[in-house]
Amino acid sequence: MSAVDTSKNLTPSQAARLRRTAWYQQPRFSRLWAMVALGVLLALVTGEQGNTRDIFFSIESTFTGGGLWVCLALTVGVWALREFAGDALKGVATKAKPGVAGPLGSVRGRIQADQRLRWGLMLLALVLALVVPSLLQRYWQTVLVDQIAIFVLLAIGLNVVIGWAGLLDLGFFAFFAVGAYSTAYWTGRLPVEPPVVLNSFWVIPIAVATCLLTGLLLGAPTLRLRGDYLAIVTLGFHEIIYLVAKNADGITGGPQGARMIPDFSIDFAGISYKWSIDPLPYWYLLVFFIVVVIILFSRLEHSRVGRAWTAIREDEIAAAANGVDTVRFKLMAFAIGASTSGVAGVVFTTKYGYINPEVFPLLQSILVLAYVIFGGMGSIPGVLLGAAALVWLPEVLKDYVDPSDRYMYLGALLVIMMIYRPQGIWPSRRRQRELKLAAEGIGDADAMSEPAGGKF
Amino acid sequence: MDHLSDWLATRLDSPHTVGISGVRVGDHEFFYAIIVRARECLVLNKTIVKLAIPVAVGALALTGCGGGDSGSGGSTVKIAFEGPLSGDNVALGENMQNGVQLAIKQANASGDLDFKLEYVAADDQGLPDKAPTAAQKVIDDPDVKAVVGPAFSGPTNSASPLYAEAGLVTVSPSATNPSLTDEANGFASLLRAVPNDNMQGKAMGDFFAKKIGAKKVYLIDDKTDYGVGLSKVAEETLKSAGVSVVKKSVPQKTPDYSATAKDVVNSKADALIYAGYYQDLAPFAKKLSDAGFKGAAISGDGSNDVKFVELAGDASENWYLTCPCTDATVEAGTKKFAEDYQKEFNRAPGTYSAEAYDVANMIIAEIKKTGGDVEREALRDALSKASYKGLTKTFSFEKNGEFKGTDVFVYQVKSGKIAYQGNVNELIG
Amino acid sequence: MTTDVTSESAAVGGPASADTDLVLETWDVTLRFGGLTSLDHVNLQMRRGEILAVIGPNGAGKTSLFNSLTGAYTPQEGKIVFRPKDGGEKSLLGSKPHIVNRLGLARTFQNIRLFSALTALENVKIAAETRLKAGPVSIMLGLPKARKAERLSDERAHRLLKFVGLEDKLNEIAGSLSYGDQRSLEIARALATDPQVLLLDEPAAGTNPTEKLELEGLIRRINTELGVSVLLIEHDMRLVMSVADRVMVLNFGKKIAEGTPSEVQQHPAVIEAYLGSSAEDAAAVQEIIAEHEHQSASDAEDGQ
Amino acid sequence: MSLQEFWDYLVLGLMLGSLYAVIAIGYTLVYGVLQLINFAHSEVFMMGGYGSLVVLTLVDPGDSPSALASIGFVALAMAGSALFGGVTAYGLEKVAYRPLRRRGAPRLIFLITAIGASFFLYNLAGKLFGRDPLPLPEMYENKTVFSIFGAGVNITQLLQFLTAVVMMIGLDLLVNRTKLGKGIRAVAQDAEVASLMGVDIDKVISRTFIIGGVLGGVAGFLFANLNQVSYTMGFIPGITAFAAAVVGGIGNIRGAMLGGVLIGIVETMTVPLLGDEWRSVSAMVVLILVLMFRPMGILGERVGRAA
């Protein structure tokens, strides 16, 4: 793909040099080779499932089947169009472009600018969020509750850590595990007995507190680290928490997990209700939590705390030199971010009634991170959309491709998205500016670029 | 929501990626379909798109469109399989899925059905957190009358309440955690078509204690639900027989088994139990043979697979393998199954293929009795009382859905073949 | 690593004749990086309310001194004492940068370090807010305390931006301001933390003559109107000679001279340091010296 | 643990560690020139495993080949893995990273791209070659060749160790003695200055990826030889080797070697002391401890606050 962009602006001398090179080395043909390679890759991606009995089966069938020729015809056709009818196409594209990208950008701009419109839309969104699910099939309700809403909560939390404070956390899902296992413990479902068995609702504040505390514990020794170093250490923390859950059979139940965790129920002031297997009541509960968390967090974003986080993200040294207690604010980010996973962990566990360590593999931490970046880190609507879209996508892909190929397409989508729209679906304004400044070579767009200690 | 239109825009915009759409995509025209579908959704919800709501409502609306068509046609009965069809355990899931598909295909081809059978896949990735969604999808389809699966115990735990509520029977050929049939769970529509870990763990322990006469047993589990369950029971059995036990855990996908093999040799144990699957046992067996371990070694039905022999080669020689199934190579029926399977899927049947095939056939037999017009609850009740002789064993169930029968059989790898040795109860006399 | 910053004079020690009029004082500060000695027994005395300039050739250790004073580096030896207005003594050695800032020392950077994706106003507010108390809980719940803090920081930021002359660029993105404006913004941000001592690291670097003049005025106003002592690193001798009350000269990490601008520029060690550095510098220095002789002569005339 | 056992495990750890070291170098090389965690390096490694499998399936060593033939098969398998690894790494750079680099994209974007590429590659490999693990065909009889301190070393281990050592020495020479090496070092120091000095950055980066890919690929072969080939084989060794690179000081080639060996020994020693299930935990604990006291890793430069 990149070969396409390599040589747009040739100076005459360069062109002269190129003219002397062999025909197959000319940019036009290197672009052709790139497209041929892409075509072959496409054919392989869409080809038949392989087979360990005969490891060449899939490749062979691709190269002997018609699919390859279709793919090649397509990619080479695209090449030919671009090379020989490029100017004409470009004209169409530039004409079409404002029509495609323009309204989206301007709508977003208008929403971000107009306070009243924004409130109105949020209200509308809330109403829709409450009404639409009840019209859906129960399968999609389950997807909404079990997957989307849970991950949305998590993504909002991770957004605090990475989107606002710029701390690259690759172990965020571990807090979810902490929340989940707290629930199992306080409802008396682990091999170790709690002092008192609690109703799931009362577990929520306890789980949040536990997650806050774990966030502090994780944060404290690692806050000297930055960027990549923080990433690997948080990843290590996740791995440790996952393996402890798996290995400490006497405490966590080991691989067999904890079962029969009771559902939520309230019996208070004459109101008595029990959440059960029906996903809708859980949906309303989760929407409630999400809305509360969004309100609380967006207040933070536009306060001194949010600004201090941005300062740390952009230039930690300068922030500290201006009196920002970087350690305190970083810990705060870790803890506040972790708290949402506490809530998510409790709701998840009570809804499922069963957990085992396989719910919390490392992959999940990486996925949540991808959701946040995909949606547009630093922006709450972006993160909501990112999590919803990427959780929804594999579910819907199930119907169209072999399920075992789903994550291949997801991976390809991530790569394509990062190449063509690195700011995510709905980026925050600050983030967009950072990316723009970074592209112009002013400043860094994320806190990952600096080694521990800083650059004096 | 605007991600989709953006995505489409980039696709339409940049000529060198357009190629993706419209290609013959394996069995489905994936990209073409998704674009068309997305367009439908976008048109349907145009107003919403325009407003671009900052909450997940966009996705919500899309999911609404994604739901779509539930089947029609009265004379179609669907049988689903729930198991890992993606993720790390997909190999096992595919084995079982193929078994179910083969059974359905053969039943349809036999011509003595008054109805048409259809297969529905439900992918739970072998993970408890994906299982309820997979289960709900199956439940929402009114034509699905029975489910083979869930394959693993974890997903069974989290999905069974949904099946119970829907009255949709699930017959699992492979979920062996003993606690699943605990009545307190309320998994009312779960039938287990496999003896639970207690039986096999006990059989392994008994076999070593009484038949081999082991003095010191090195017991390894693979840190899966299955392996831990087996090893717990085996440990108890061995200890009560006065055999000393070294219990260790070696998680799946350990990069280097050399150190573990060394530890086995150093422990001076004269026998070894591996509670886990063949994928991990094979490299371990190789390292054991490199390290010079000479004692008796046994593993359970997770490893009782020709692939173990293929992967481990000579190192698999003399390994004992238990299985609650009868000899899979002797009987004519089994042989035919293996041939049909090979023909259909271009590979040999693997672990649980035959069991899944049996379970599917058992379900088909019950549906056949009703002539295709069957209610979920009625089928559940019929199945729980049924008795069916399959290729691997005879299936019938206790009141709580537990598999009836405790027979466990021992095999041994002899010159590259898994050779039948006999019933454990008879061997230990 | 962090010493107790709240400890009083007894803990700090130092010469018995500590002059309470000295706002900032160091004794024998020595900083090494591996085999390299960056600061070698540096003694610095800064009087309350003065403008003290630190000069020296490149690599003389000026920025290292700044970093040691503000907690970015921890010197291996020596003492650093800060005496706040309201009495007492605080040791700064090894204190974390934000603690140093809170005590009353604010700084700017040689290579301007703004939060470039934020607006000018936000940049200053961040600094102003470090003096306010509103925890995350009160903010999330929208308590009156939090709202008051927000208002206070807003007012303060507006005032300071006006002070440095950026009142009509409040909502511009810091990264897209002109170089001179960025410089002013950085000073405003430092002032927002309400410092007693302001450390400016080469503020005139890269500015044009007009901006230099404005800067000169700004430094004076900071010193007189806000009553802030200023410690200044600068290469621009004209600026140093015109604003500094006293000058300290570093070379190879050692203090080689100290005194009023006119004293220093005649100091033989200083001349040698500059002459010895390189031919180009030497020429520049001679030019500078000539210029300053001329200027100090005219200053002297003015004074009469 | 007796002294003999100690030596046994130490030797085993050293062998495993040399394998980790080779993978870790792949991470560290790329980090050196791009300051980027190439998360997809684990898939380069996995592809290397398949490379050797493909070659060996094509040539088929059969039963008990002669000693000379054994060496030939090993060499062929290694070449296959190097080719697959190199091509995968080259493709990754060209398709996924170069467009981002052109745009000066922040490194977080690289990270997500790397994760996406990793998902794509390992699922593609699973699709193409099937999702069951496969053994490498036997190329030789795995005899014990000699023993040090009473600990036997077999051919597989020796091969692993020797290949690692040869590759590390070769790499060291390449980086320190050749023109390309000079280019790599220049880009690692300061890409902008290097380009002003006439270094073709694209070429250097591309070749660095290829070198890292070849190393990763051969490591994939060694791992496949030690264990087996599967499409998910990259993940765990990848994470472990990445941790090793960080422990040694990421960006520092000798650090990666040291870190790899250290992590290998720690993991192996865990087996008799705590049990197999804790080996990753102990590796991660070592990682965290090292970083707590030396935030830039053991051989990493120390920058910032002097303690």
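Just so it is clear, A, B, C and D label the chains in written order, and each chain counts residues from 1 on its own.
We adopt the following convention: a residue touches a chain if its C-beta (ideal position, glycine included) is under 8 Å from a C-beta of that chain, and two chains touch if they have at least 3 such contacts.
What you see is a predicted model; the values in this text were computed from it and never measured.
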{"item": "If a chain touches chain C and chain D alike, it appears here", "value": "A"}
{"item": "Farthest-lying chain, centroid of Cα atoms versus that of chain B", "value": "C"}
{"item": "Between the pairs A-C and A-D, the one where more C-beta pairs touch", "value": "A-D"}
{"item": "Geometric centre distance via CA averages, chain C-chain B, whole Å", "value": "70"}
{"item": "Rounded Å distance between chain A and chain C, as computed from the means of their C-alpha atoms", "value": "43"}
{"item": "Gap in Å, rounded to a whole number, between the CA centres of chain D and chain A", "value": "28"}
{"item": "Between chain B and chain D, centroid-to-centroid distance (C-alpha), Å", "value": "34"}
{"item": "Junction residues of chain D - those touching two or more other chains", "value": "126, 131-134, 277, 305"}
{"item": "Chain A: positions in contact with at least two other chains", "value": "1, 47, 49, 51-53, 57, 246-247, 404-405, 407, 413, 417, 434, 454, 456"}
{"item": "Contacts with 2+ other chains: residues of chain B", "value": "90, 94, 223, 249, 251"}
{"item": "Residues of chain A defined as touching chain C within the complex", "value": "296-297, 299-300, 303-305, 307-308, 310-311, 314-315, 317-327, 332, 336, 430-431, 433-434, 437, 442-443, 454, 456"}
{"item": "Contact set on chain A toward chain D in their complex", "value": "1-3, 5, 44-45, 47, 49-53, 55-59, 162, 168, 221-222, 224-225, 227-229, 231-233, 235-237, 239-240, 243-244, 246-247, 362, 366, 369-370, 373-374, 377, 404-405, 407-408, 410-415, 417-419, 422, 434-435, 438-439, 441, 444-446, 448-449, 451-456"}
{"item": "Chain A partner contacts - residues on chain C that touch it in the complex", "value": "63, 67, 70, 72-73, 96-98, 101-102, 106-107, 109, 113-118, 122, 125-127, 129-132, 134, 136, 139-142, 146, 149-150, 153, 173, 175, 189-190, 192-193"}
{"item": "Of all residues in chain D, those that touch chain B in their complex", "value": "5, 8-9, 12-13, 15-16, 126, 131-135, 138, 142, 154, 156-157, 223, 226-228, 230, 232-233, 236-237, 240, 267-268, 271-272, 275-277, 279"}
{"item": "Touching residues on chain A, where the partner in the complex is chain B", "value": "1, 4, 35, 38-39, 42-43, 46-49, 51-54, 57, 66-67, 70-71, 74-75, 77-79, 81-82, 89, 93, 96-97, 100-101, 104, 107-108, 111, 118, 121-122, 124-126, 128-129, 132-133, 135-144, 146-149, 152, 246-247, 249, 254-257, 259-260, 277, 279, 348, 352-356, 358-359, 380-381, 384-389, 392, 395-407, 409, 413, 416-417, 420-421, 425-426"}
